[in-house]
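Following are the structures in question.
Two complexes are shown next, each including subunit A; its partner changes from subunit B in the first to subunit C in the second.
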Partner chain A sequence: MLLNRKNSGERWRIRPDGPGKVTGAMEYLTDMALPGMLVGLVLRSPYPHAAIRSIHVDQARKQPGVRAVLTHADMPGLNAYGIAIQDQPVLCHDRVRYVGDAVAAVAAETLEQAERALAAIEVDYEQLPVLDSPAKALAEDADLLHPHGNVLHRNAYKTGDVEQAFANCAHIVEETYCTPRQMHTYMETEGGLFVPETDGRLTVYAPTQHGFMDRLQLSRILAMPQGDIRVVSSPIGGSFGGKDELNIQPYGALLAMKTGYPVRIHNSRWESVRAGLKRHPMVITMRTGVDEEGHLIAHQVRVTADTGPYATLGAEVLNFATEHVTGPYQYANVDVESLSVFTNNGMSGEFRGFGGNQAIFALEGQMDRLAECLGMDPWMFRRLNLRAADDPGPFGQPIVRTDGAEQVWRALHDSRLWRERQAAIERKPSIACMPTGNPPTGLRDCYQGNSESKLPWLKEGIGAAYVMHGAGLGVGIPDPAGGRLQLAQDGRIEALFGYEEFGQGLIATLELMLIETFGLAAEDIRIRIGDTDVVPDSGSSTASRATSMMWKAVQNMRMPFMSALLEAAGRLLHRNPGQLHMGRGGIYGRADHGGAEQKLLLPYRALAAATEEPLTAETRFSYPVSPVDRVGAHFLYTYAAVAVKVEVNTLTGRVRVIDQFHTVAAGPVMNPQGYLGQIEGGSSMALGFTLTEDAIMSGGHYVTRNLDTYLVPTIAEQTGQVDVLPIEDLPPGDSHGPRGIGEIGSVGLAPAIAAAVRQAVGKWVCKLPIDPAELQERPYFTQKAVAVHE
Partner chain B sequence: MQEYRTSSPAVWYPNDIAEAWRMKEMFAADGQYIAGGTLLRTWWESGTAVQPRHLISLNRIPGLSDITLHEQYLIIGSQTSLSEIRYNIAAALHAPLLVEACKVIAAPPVRNLATIGGNISSRVGDSLPALLAHHADLLWFNGSQTEAVPLEIWLAEAGTDTDAAALLTHIRIPLLDVRLESAEPDCVCEGECTCRGEAAASLGTRIKRLSAYDKVGRREIFTPSVVTTSVSGQVSDGGRLANIRIAAGGGQTPPSRLRNSEAVLEGRMLGDAGLLFALYEAVYTEFEPVGDVFAGAEYRRLTAAGLLSAAVWKSAKEMGWGEELTCC
Partner chain C sequence: MSKEQAAERLTAPVTELHVNGNRVTVCAEPSKRLLHVLRDDLLLTGTKRSCEIGRCGACMVLLDGRPVNACLAMLYQCSGSAVITVEGVAPQKSGELDPIQQAFLEEGGYQCGYCTPGMVISVKALLDFSPEPTDAEIVEALSGNICRCTGYGGILRAVRRAVELRRAERS
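Showing the complex of A and B:
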């Protein structure tokens, strides 16, 4: 059943944070202000690569209204940060490695005074050669950006012998795929308010995806105990991975502690583009071969990622890409090598999809090309090579069994869009294949649909892609989870989690989960998240893990929490707890025959007032991992398939998406509106990745410095139907519950569009975003000697 | 290299054009006329232009924000917002290409502020190819009198010494049908033109309009133009093309008429063999776009040639001068 409002019935609810966000009434952390607060600004490097000879701040400190000017010399603690590896200077000392590198930070009474102070800081730079591509950074004579060299990380996975296998292939396809430097483009740019408290503690109001990680990192930088730092981190105006790493927090915190005044920092869009993270641009070369029947027998992959100047999660992203370049298929022989390279380009880092988007774009391109070479239907070709439910994961690791791969294959095969494609198909000889000695056998699918009514320069096509996406941080990375339920003094049932609400709908999902688990009314519930002084550490809101971990936590706490409440109620009511149950507003009695009595016996407020001991339940556990010694390997996977219909205007070469079908096998739908939002929103992000978005750099400088040149899709790009079909079945006995869906919607659309473009105009796309010039054609009626009326 | 503002300018509100002109004379290079400010603001933010010390706002001057229909002309005040033009009935009838342009410039909130005068003054605005095809004149106040300058001439004078204080007050567009009526006294136009006598012999008895405007950006809406084209003219009931105007621009390409391309169509029959081949080749050869990192000059040339050819092809179909629509 398609996921939509009509089919969701009462589960389709107004999200609790919706009205405030829609009306603009809700205060984001970057909207906060305090009387007497100072304005913080950061001086960033004008050069992509330079040595710092000297920094003079005397003139800046003398400017009116200036309360603090900080450089590396003023660092109280560790002058470095990074979630995985702390190699990014808070304030650069002797060298800058990209145009966002921070050299000094200023706090002043007004913005204008802070700007003047920044302008008065004198930094003497010596420009160094700019390594603006992995190739330049890997050259033998390249400057070393870090003591250990210019390679952040290498990874590999090999099984069998690909070279020998290629010798036996009937067809081999080799292609190089390039993906763009996509920007998260959250509406709320990085910022926050930093408040030194009278007791010597520091309160940080700044968006992040993991408050406790920020607290840890800030404690190192400030040389303060973690317990002296409170991080308040929700609500957040969008993140998509981009705010997981520290951004402005070190500067706000340092300035606040130095001056003793609250300090507010809020990046302009210009500064956000310049300093912020982007998706790793990757160049992926794949050589993939099949036998006569179409079985994949050799798959060789080389991945090069441009990780920019510092590590952040570059190694982890590369590991994810390495794992996902093989996808849900079986191969006899695999040879993957991957490399993440430091450069003087912008920072690359965590971004929804985490390296899977790039990997799947390349992999699915290979599948379509191979199917064509074989003259096979592309979806049947995938079926032939699809993993079985009990097969090991991409690294040969044990993974949790589901039938998701088969289920989404079937759902797409039976979908309206795919049936339309099959009905409208005409097969023409393909000249795109590179047969190994054999003559080309390939057949290209051409769309022969309802184009009679269209203008002749508009060409339609339908394509599809397959996605297998791991969730959780993977083997070898601490991945804690947990939460707490408690009956508050005012009778509210409080759910406390260390997760963040950045628009994904976490609060709405948790509320519905609590309503359905305990029979509560929304008014009975208070959700508390994003405050390290209050909530337990539930791990990061990342890697499609939060909903799974909330569900698991609620399952773990369900019986202990109910028992605690019902036993306390039983004592007060002099009834057997077994005859009571929780419901809307309080505790109800259960009739002898087991049916529910409608009479409310004890409101939660009365229960709370009459109970001295806190009624609470808490759980701590870790995200489940595969029993394998392979860092980053995943255990829980979500499967998805996407079909898309495009219209290519061959006058302009521009592509429009006009119809979409997504099917996702991720277990039960926890919140229909949130689920749909994640898939539609992810798809919209993928649309930008495919058609318009690229943070272009030239010589280490951003060319696209603002949203007038960096173009995200608008509502006008979101044309046509978007059908989402969730597959909720899980195998009997599955204990892991709902799988993650936060990222998978952002993965499959790009290769599906590329396949649809191929069907529409017969051209393969291997570089994103699609360059319209590649698809442009001269209209037939402008050919020589063609009369208009002929 | 930092993008920080350092001070806010003073904003002046003159009550009439003479006062505005005097202020500009007085402030000289320190002063700048401003209307909606939607484009200037992006220039200041990006560092493309320095914010002047004095801004002379034109939007309280009476009489500059009206669209009025005269016997010979449609006259649009320079302070008229793009939204007002978009929804104006007289403009829809007499300046249809301009109305099309006003639908696709920026986004609704910008169009509510942005003025036609500002779009023209940028010299690369998307209204310009439309206005060129409409034979528009610009009315300039030079301190003592108002002078009409054909838009085409003004565009060609870019970079030469012009009166810096001159103030664009109105845009004057000759009524489409008046142009034909004045050229052909035997023709009478009311929406569609009917001709008699000699004119009927040469033009046919019924004259239809050829009119198309296209803007191609890097996304569907709210996008800078990559290529903007427009074509206008008349088609007799015999299919003969007359009074053809073709203009193209987009991005940083200064909009201009494509006279050679116009000549390819002028006087020819819509159904002529090889006509669209010739048009495509002429536009491709004549249009000299400025490429950038987002779209190369070659792409822009091919796009302009394709769009203009397709526009004529489509008009031919609609007027019954072409083949049935079929899939190639």
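Showing the complex of A and C:
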């Protein structure tokens, strides 16, 4: 059943955070203000690569209204940050490595005064050769960007012997795929308010996807105990992975502690572009071979990622890409080598999909090309090579068994859009299936739908792609989870989790989970998240993990919490707790024959008032991991398949999406509105990745500086229907519950569009975003004239 | 307040405008952007800052009934004008929502919510002008408002729902 409001019934609910959002009443962290607060600004490098000879701040400090000017010389603690490796300077000392590098930070009474102070800081730079590509950074005589060289990370996965296997292949496809420097483009740029408290503590109101990680990093930088820092990290105006790493927090925190005044920082869009993370541009070369029957027997992959100047999660993204270039298919021989290279380009890092988007775009391109070589239907070709439910994961590691791979294959095969494609091909069998000569030419399907009625330069095609996407941080990375339930003094049932709400609908999902688990009313519940002083550390709100972990936590706490409440209620009511149950508003009695009495015996408020000891339940555990010694290997996977219909205008080269079908096998739908929003919204992000989005750099400088040239889809590009079909079945006895869906919607559309373009106009796309010039044809009405002329 | 700020306050000209039905006077440079006047001087932070070049629509307000990016309007250009921000869309009675806001809630036409105030304003401008818009009119009216979260599906459904709710309200 398609996911929509109508089919969701009462489970389609108004989000608890909705009214504040639609009225503008909800205060984002960048909306906060305090009397007497200062404005913070950061001086960033004008050069992609330079040595710093000297920094003079005397003039800047003398400017009116200036309260602090900080450089590396003023650092109280560690002058470095990074979630995985702390190699990014907070304030650069002797060298800048990209145009976002920070050299000084200023706090002043007004924005204008802060700007004047920035302008008065004198930095003497000596420009150095700019390594603006992995190739330049890997050259033998290249400057070393870090003491250990210009390679952040290498990974590899090998099984069998690909060279020998290639000798036995009937068909081999080799192609190089390039993906863009996609920008998260959260609508709220980085910012926040930093408040030194009278007791010497610091409160940080700034978006992040893991408040406790920010607290840890800030404690190192400020040389303050973690307990003296409170991080309030929610609500957030979009993140998509881009605000997980520290951004402006070190500067706001340092300036606030230095001046003793609250400091507000809010990046301009240009500052966000120059300093912020992007999706890793990757070049992926694949050589893949099949036997006569179409069985995949050899797959060789080389991945090169441009990670920019510092580590952040570049190594982890590369590990993810390495795992996902093989996908849900079985091969006897695999040889993957991958490389993440430091450059003087912009910072690359965590972004929804986490390296899977690039990997799967390339992999699915190979599948379509091979199917064509074989003269096979591309979806049947995938079926032939698809993993069985009990097969190991992409690294040969044990993974949790589900039937997801088969389920989404079947759902797409039976979908309206795919049937439309098959019907259209069969209508013109002579074009579609006639084998002519040697592959790879001559076996291409042609979509013959209703295109006869269209203008001759508009060509339609339908394509599909398959996605198998891991969730959780993977083997070898601490991945804690947990939460707390408690009956508050005022009778509300409080759920406390260390997660952040950046739009994904986590609060609404948790509310619905609590309503359905305990039979509560929404009014009985208070949800508290994103405040390190209040909540337990539940791990990060990343890696499609939060819903799974909240579900598991609620399962773990259900019995202990219910028992605690019912036993306390039993004592007060002089009834056997076994005859009581929780419900809307309070504790109800159970009749002897087992049926529920409708009479409310004890409101939660009365229970709270009459109970001395706290009624609470807490759980701590970790995201489940595969029993394998392979860093980053995943245990839980979500499966998805996407079909898309496009129209290519061969006069302009523009691609328009006109119909989409997404099916996702991720276990039960915890929150229909949130699920639909994640898949629709993820798909829109993939649309931009495929057609228009690229933060273009030249010589280490951003050419793209704002949203006039960085083109995210608007409502005018987001055309046509989007059907979403969730597959909710899990194998009997599955104990892992709902799988992550936060990222997977952003992955499959790109390769599906590429396949549809191939069907429409006969051209293979291997570089994103698709360059319209590649799809332009000589206008048909000039062809005759040219022929005559020639 | 520093001496300089105090001096500025004394010398800055006074501009009068009507915001959400209230007469307000603002002491600020005439070239100050309406966006910053709203957010910093009047503490109306529902109007959001994002691209500041008139591309994304997060700061959309109604200026004498017409949708305007507040990041592109200077204070002097708004002198004597009526400005409606997201805070002024609903009736001023407590707890009541405009049908457009109600429709966004019902259909889930938002996620992070940061573009939502601007969206609500653009939809209001559209429906005040064309109560029964075609899909093409909806697309044109909202093509200056970027949403990064929803993929616009929920927003389109919300606009259609808002049309229904307003129709019911009229009849």
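The rule is simple: the second predicted complex is superposed on the first by the 767 of 790 C-alpha atoms of A that agree within 3 Å, B and C clash if a C-alpha of one lies under 4 Å from a C-alpha of the other, contacts with A are read in each partner's own complex, and residues count from 1 in each chain.
The definition used in the following text is that a contact is a pair of C-beta atoms (placed from the backbone, for glycine too) under 8 Å apart; a residue touches a chain by one contact, two chains touch by 3 or more.
Here the structure is a predicted model, which is why all the values come from computation and not from measurement.
Participant: Once the shared chain is lined up, is A:Thr652 touching subunit B (first), subunit C (second), both, or neither of them?
Facilitator: First partner only.
Participant: Applying the document's definition of touch, where does A:Glu115 land relative to subunit B and subunit C: first, second, both, or neither?
Facilitator: After superposing on A, A:Glu115 lies in contact with subunit B but is clear of subunit C.
Participant: Quick one: classify A:Thr312 as touching subunit B (first), subunit C (second), both or neither.
Facilitator: neither
Participant: Could you say whether A:Gly65 touches subunit B, subunit C, both of them, or neither, answering first, second, both or neither?
Facilitator: A:Gly65 sits against subunit C, while subunit B stays out of touch.
Participant: Just checking: does A:Asn706 make contact with subunit B only, subunit C only, both, or neither of them? Give me first, second, both or neither.
Facilitator: Both partners, subunit B and subunit C.
Participant: Per the contact definition in the header, classify A:Glu680: touching subunit B only (first), subunit C only (second), both, or neither.
Facilitator: Only subunit C; A:Glu680 stays clear of subunit B.
Participant: Could you tell me if A:Thr23 is touching subunit B, subunit C, both of them or neither one (first, second, both, neither)?
Facilitator: In the superposition, A:Thr23 touches subunit C alone.
Participant: In the overlaid three-chain picture, which partner chain does A:Asp31 touch, first (subunit B) or second (subunit C), both, or neither?
Facilitator: After superposition on chain A, A:Asp31 lies in contact with subunit C alone.
Participant: If you stack the two complexes on chain A, which partner ends up touching A:Thr547: first (subunit B), second (subunit C), both, or neither?
Facilitator: neither
Participant: Residue overlap on subunit A between the subunit B contact set and the subunit C contact set?
Facilitator: Dual-contact residues (subunit A): 268, 706, 708, 713-714, 716.
Participant: Taking the touch rule as given, give the residues of subunit B at its contact with subunit A in the complex, in rising order.
Facilitator: 1-7, 42, 45-46, 216, 218-224, 227, 270-277, 279-280, 293-296, 298-299, 302-303, 305-307, 309-310, 312-314, 316, 321-323, 325-328
Participant: For the complex, which residues does subunit A have touching subunit C?
Facilitator: 5, 12, 14-15, 17-28, 30-31, 33, 64-65, 109-110, 113, 184-189, 235-238, 240, 266, 268-269, 502-505, 673-674, 676-677, 680-685, 687, 706-708, 712-716, 718, 722
Participant: Would you mind writing out the residues of subunit C in touch with subunit A in their complex?
Facilitator: Going through subunit C, the ones touching subunit A are 2, 4-5, 39-40, 43-53, 55-56, 58, 85-87, 89-90, 97, 101, 104-108, 110-117, 120, 138-140, 142-157.
Participant: Name, in rising order, each residue of subunit A that touches subunit B in their complex.
Facilitator: Within the complex, subunit A contacts subunit B at residues 41, 43-44, 46, 112, 115-116, 118-119, 268, 270-271, 448, 451-457, 650-654, 656, 691-692, 696, 698, 703, 705-706, 708-709, 711, 713-714, 716-717, 772-773, 776, 778-790.
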